[in-house]
Amino acid sequence: MKKKAALGMFVAAGLALAGCTGQATNTAPTLSTSDLLVTTPAAAGDLELATWNLPFGEPSSIDPIKAFNYPENTVVANLCEGLMQLQPDYSIKPNLAERVDTPDATTYVYTLRQDVTFWDGQPMTAADVVYSLKRHLDPEEGSYWAGDVVGNIASVEQTGDAEVTVKLTAPDATFNSYMVTPIGTVVEQAFREKAGASFGTPAGGVMCTGPYSVGQWNEGQSISLTRNDSYWNADKAAKTAQVDINFIVDSAAIANALNTGAIDGSYDVPLGALSTLQGSTQGTLDLGRSLQLVAIISTGHGAFADPAVRKALMLATDRDAIAETVFEGTAQASRSLIPADGWAYGSEVFQSGREALAPTSVDIEGAKEALKDASVDVSQPIKIVYPSERTYYADIISEISNGARAIGLTVEPSAVPSAQFGAFFSDPAAREGSDAFVTNNYMDVPDPLAYLRTILGTGGSQNYNDYSNPQVDELLSEAAATADDDKRAALVNEIQEIALADLPWIPIVDPSVRLFLNNRVTGVPASFVYLYYPWAADLGASGK
Amino acid sequence: MYVLRRLLALVGVLLVSSFLVFAAMYAAPGSPENFLVQGRTVTPEVLAAIRRQYSLDDPFLVRFWNWLTGVLHGDFGQSLTNRQEVGDLLANRLPTTLTLVAMAAVLIVVLGVGLGIVAGVRDGVVDKIVVLGSTVGFAVPTFFAALLLMSVFSVWLGWFPVFGSGEGFADRLWHLTLPALALALPSAAVVARITRTAIRDERDSEHAVMAIARGVPSRIVMRRHLVRNSMLPVSTVVGVHIAGLIAGSFVVEYAFTLDGLGTLLVTAVQTKDFAVVQAIAIVLVAGFGIINLLVDLLYAAIDPRVGSRHTA
Amino acid sequence: MKRFVHRMGPLGMVAVGILLLVVLGALSAPLIAPYDPTIGSVTQRYLGPSAAHLLGTDQAGRDIFSRLLWGARSSLIGPLIVVCVTAALGTLIALTSVWWGGAVDSLLSRLLDLLFAFPNLLLAMLAIAVFGPGLLTAAFALAIAYIPYTARVIRSTALRERNLPYVRSPELQGITGPTIAVRHLLPNVAPLIVTGATINFGFAMIELAALSFLGLGVQPPQADWGLMVANGQQSLLKGYPAESILAGLCIVLTVASLGYVGDKLGGRAAAGRKA
């Protein structure tokens, strides 16, 4: 009898626990996307040590040619530098190059600075620059940046003591902006050749020119950045002597670490941690201007391959609700394939073009109308694949399937282990059995032309459904050859309209940068430049 | 002699297992280079270059032979994901897993055997609680126990850290307390139960009853008769559960995001990181085999009747 | 029947009751579950218990009660497959081994030893790597891993029985091996198989739930108790423990009841487990 009672009490306790906390009040988010930050207040002083975190895990390499994703780029941005440098306000300034001249549409002449040294004291020479740029062209090096922009490079040559000339095959107005990415990053030739296959690994390291060099790398735990005291740019010298970057991916662990001050700050704060961190007394959660986009990519198979179906689904899905609930107000529903404010030129043109687009609100009637044009069998279920560990995708797809049901379509979420989800982006065979897959995408450079080119251009690197539209291709080449910013922006607006009519991707939300900073630190940019701008050099004491 | 035979058998098992593991990874669909870059696209030429770099296009037997000869030289190869030496990768993560398993083993013995003895010797409330606790405890999956412990002691009370395995000996023990507890719980429950049953069987046995009737003090009866004799079935059970801890630790590591072998194995299997999977599989099978061997030796040591005529 | 009730005792009957409830819930899920377990709207997330949602909703706005009901199905079918396959193959191997003896017995014993040395989880992970994650793959992989345990017990019992007169005499009369095995040996080892199956069911349930927790078994958004514990982890740490705790409780209650009933029936020895 005692046992029965005990068992009963146990069960009752469980239910009570479940019940009472289930009614915890939903605190209204105090975050708002109407005032996104570009920078945080400048640092007031220096620091000896700061800790940071990479929510997407450990970098698999610090070799710039393999730095093609969040963890790698966030670290490499502080170690290695490019010929040009992206600024927090998205403008592009000369960096390792003193200036760039374009005698004609396909030629870029870079005049290099002569006072730059690598961490080992060796001076940066034009030969190093040529070598670094050409690494992307060498198939044996296996640069992740190969293709697209790099594929358009005809030659890279040293044309003077401190001069390097790059010739392109076809004119490309976006080329110079890519010099802020690892495409334009410079490493020391002698060091790289000596290190061989271990270059970029914890054993081999790298040799670059940036404000930080690599300190201790505890595999699986953390990597330390040590201040480069002989950095060539005295104005932008690092304010913190050492930055320890951890690799915690678990959302609860991150929330706890930030909330207890064990870690001073992090970009890309996981969605699961938002409610904890919003109320934190240890620091503040800032929202910054971003270049990110969450979208559903069509694979070109199944019912989803029909543009009418895609259009109908987009109109039927409550994207504002997704932005409010799944993203807890830190994102805005997408009006276009180009993220909000995702440009560094032609602002007025882009802004007015954006305002002319359809609103993001739910339109069931319009969706049903659009569906009438469908030529496929709409009774077949639409399978959308997502990485199983990122549960917020499940919520998003669930919301899409609600909208689908309202117009008579069936949407099925399908999970694949996160570690294997990457195959969808590189292996056409992996895409065969499904209609669509999700992406948390970002613009490499703040240039809508470059971005749309990868998605809509025939053979574009992000063209996963063989979308091919001669009109679009023509507009893309024309825009690439247009030097005038506003004229180019107008052409891109035209491409944008076609994009939203054909919808090879359904844009869902534009996430903002989610940056958490402990009260004792400040200074880092709040905008989406931390993949290429040496954010850690700006990190310093807040004086509080 | 017997030990030598067992060790040779273990080597044989390791060889066959590693072949089977390699074959399984080979047969699994998907190719490792496709999982390297998450959510971004690289050109097919780059993927082909990666395949060349890692000899992924060589025939199956050639690759297995290369791996085997490498291992015999102490070279476990490189991880496809980040080019790190597998030996280093494992060396970094082994201490966490070993500490976790060791702590859980200690907990199983202390809690399980201890509570079992107490319940076996006394009657009443304590006994009933232990019996109920063990029935329920065995049914609690380690990951659920992990979750509960984490939410109560880490998040709500804040007594223990939520992530990581700490630095330095004492810090590590502190970080691994909750995970070890979660891991040990179901096994401790079973051990407590078996111990209680064994003690009770002994208590009712002839020689114990006789000893008490003769007037031998109960404490000596307990020590020399009850506990000593029940150690045989108990130690077997404890040994079996400790052997199972290695695999069980993976689930706990996943739940607490510890940097042990478990999380590494799960990701490596999914991304088809051959060398890493092979190496961890060897560690698992070898560890399992060695612990089983130790258990059997212990069994033989406690019960002289068993000796070397061991029947599996 | 009366003997069964007597053997179980009052707590045992409670356990049997719980098991019946779970099975009933699983069977009737399509009929009585108020909502579709995979459908929900994020605008309805984290609602507390109410008349509309008996146990509230999870982070995607799905009804937890419906998910628990439907989850019972996959949480029960998996172990059922494991136990049936193990019993069938284990018995087959054991009886074959015992009947033919000699080299066949040696070979099969070596194979079983090899299987024994292989940790269950690793075997499951490799099978899943080859055949893809999912309930069936995980269940079959575990079944293969459990065979040695069952085969070992059946074999030792069968060995004992093999040389008894009731087996030897038909053999001498010329009746074929398989016939004797089925008609005479099998009925005598049957109780052992059943008891072993009960205990193994509990083990299988937990190990399958663990595999789903790791993301290797049942895939989301399907409802499954182990998966719900994993999915609910983030919610739990945000202050909404309903999904994880209720699903975990279901697992605990079911396995504990099974264990209790199994113990009363014949104990762990019948499962071939030293524990």
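Residue numbering begins at 1 within each chain, and the chains themselves are lettered A, B and C in the order written.
Quick note on the criterion: a residue touches a chain if its C-beta (ideal position, glycine included) is under 8 Å from a C-beta of that chain, and two chains touch if they have at least 3 such contacts.
On a predicted model such as this, the values are computed, not experimentally measured, just so you know.
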{"item": "Chain at maximum distance from chain A, centres defined as averaged CA atoms", "value": "C"}
{"item": "Higher-contact pair (C-beta pairs counted), A-B versus A-C", "value": "A-B"}
{"item": "Chain B and chain C: spacing of chain centres that average the CA atoms, whole Å", "value": "21"}
{"item": "Mean-CA-position distance for chain B and chain A (Å)", "value": "40"}
{"item": "Interchain centroid distance [CA atoms averaged], chain A/chain C, Å", "value": "44"}
{"item": "Of all residues in chain A, the ones touching two or more other chains", "value": "3, 7, 252, 417-418"}
{"item": "Numbers and ranges of chain C residues touching at least 2 other chains", "value": "215-216, 233, 237, 241, 245, 253"}
{"item": "Residue numbers of chain B (touch at least two other chains)", "value": "136, 150, 155, 266, 270"}
{"item": "Footprint of chain C on chain A - complex, ascending", "value": "1, 3-4, 7, 11, 14-15, 17-19, 21-24, 26, 251-252, 255, 272, 275-276, 318, 321-322, 325-326, 388-389, 391, 394-395, 398-399, 401-402, 405, 413-418"}
{"item": "Residues on chain C engaged by chain A in the complex (per definition of touch)", "value": "10-11, 14, 38-43, 45-49, 55-56, 59-62, 133, 215-216, 219-221, 231, 233-234, 237-242, 245-246, 249, 253"}
{"item": "Contact footprint of chain B on chain C as seen in their complex", "value": "113-114, 117-122, 125-130, 132, 202, 206, 209-210, 213-216, 226, 229-230, 233, 236-237, 241, 244-245, 248, 251-256, 258-260, 273-275"}
{"item": "Of all residues in chain A, those that touch chain B in their complex", "value": "2-3, 6-7, 10, 56, 58-61, 68-69, 139-144, 146-147, 197-198, 200-203, 218-221, 248-250, 252-253, 256-257, 417-423, 425-427, 430, 439-441, 461-462"}
{"item": "Residue ranges of chain B in contact with chain C within the complex", "value": "10, 13, 16-17, 20-21, 24-25, 27-29, 135-136, 138-144, 147-148, 150-151, 155, 186-187, 190-191, 194, 233, 236-237, 240-241, 244, 246-248, 250-251, 254-255, 265-266, 269-270, 272, 281, 284-285, 288-289, 292, 312"}
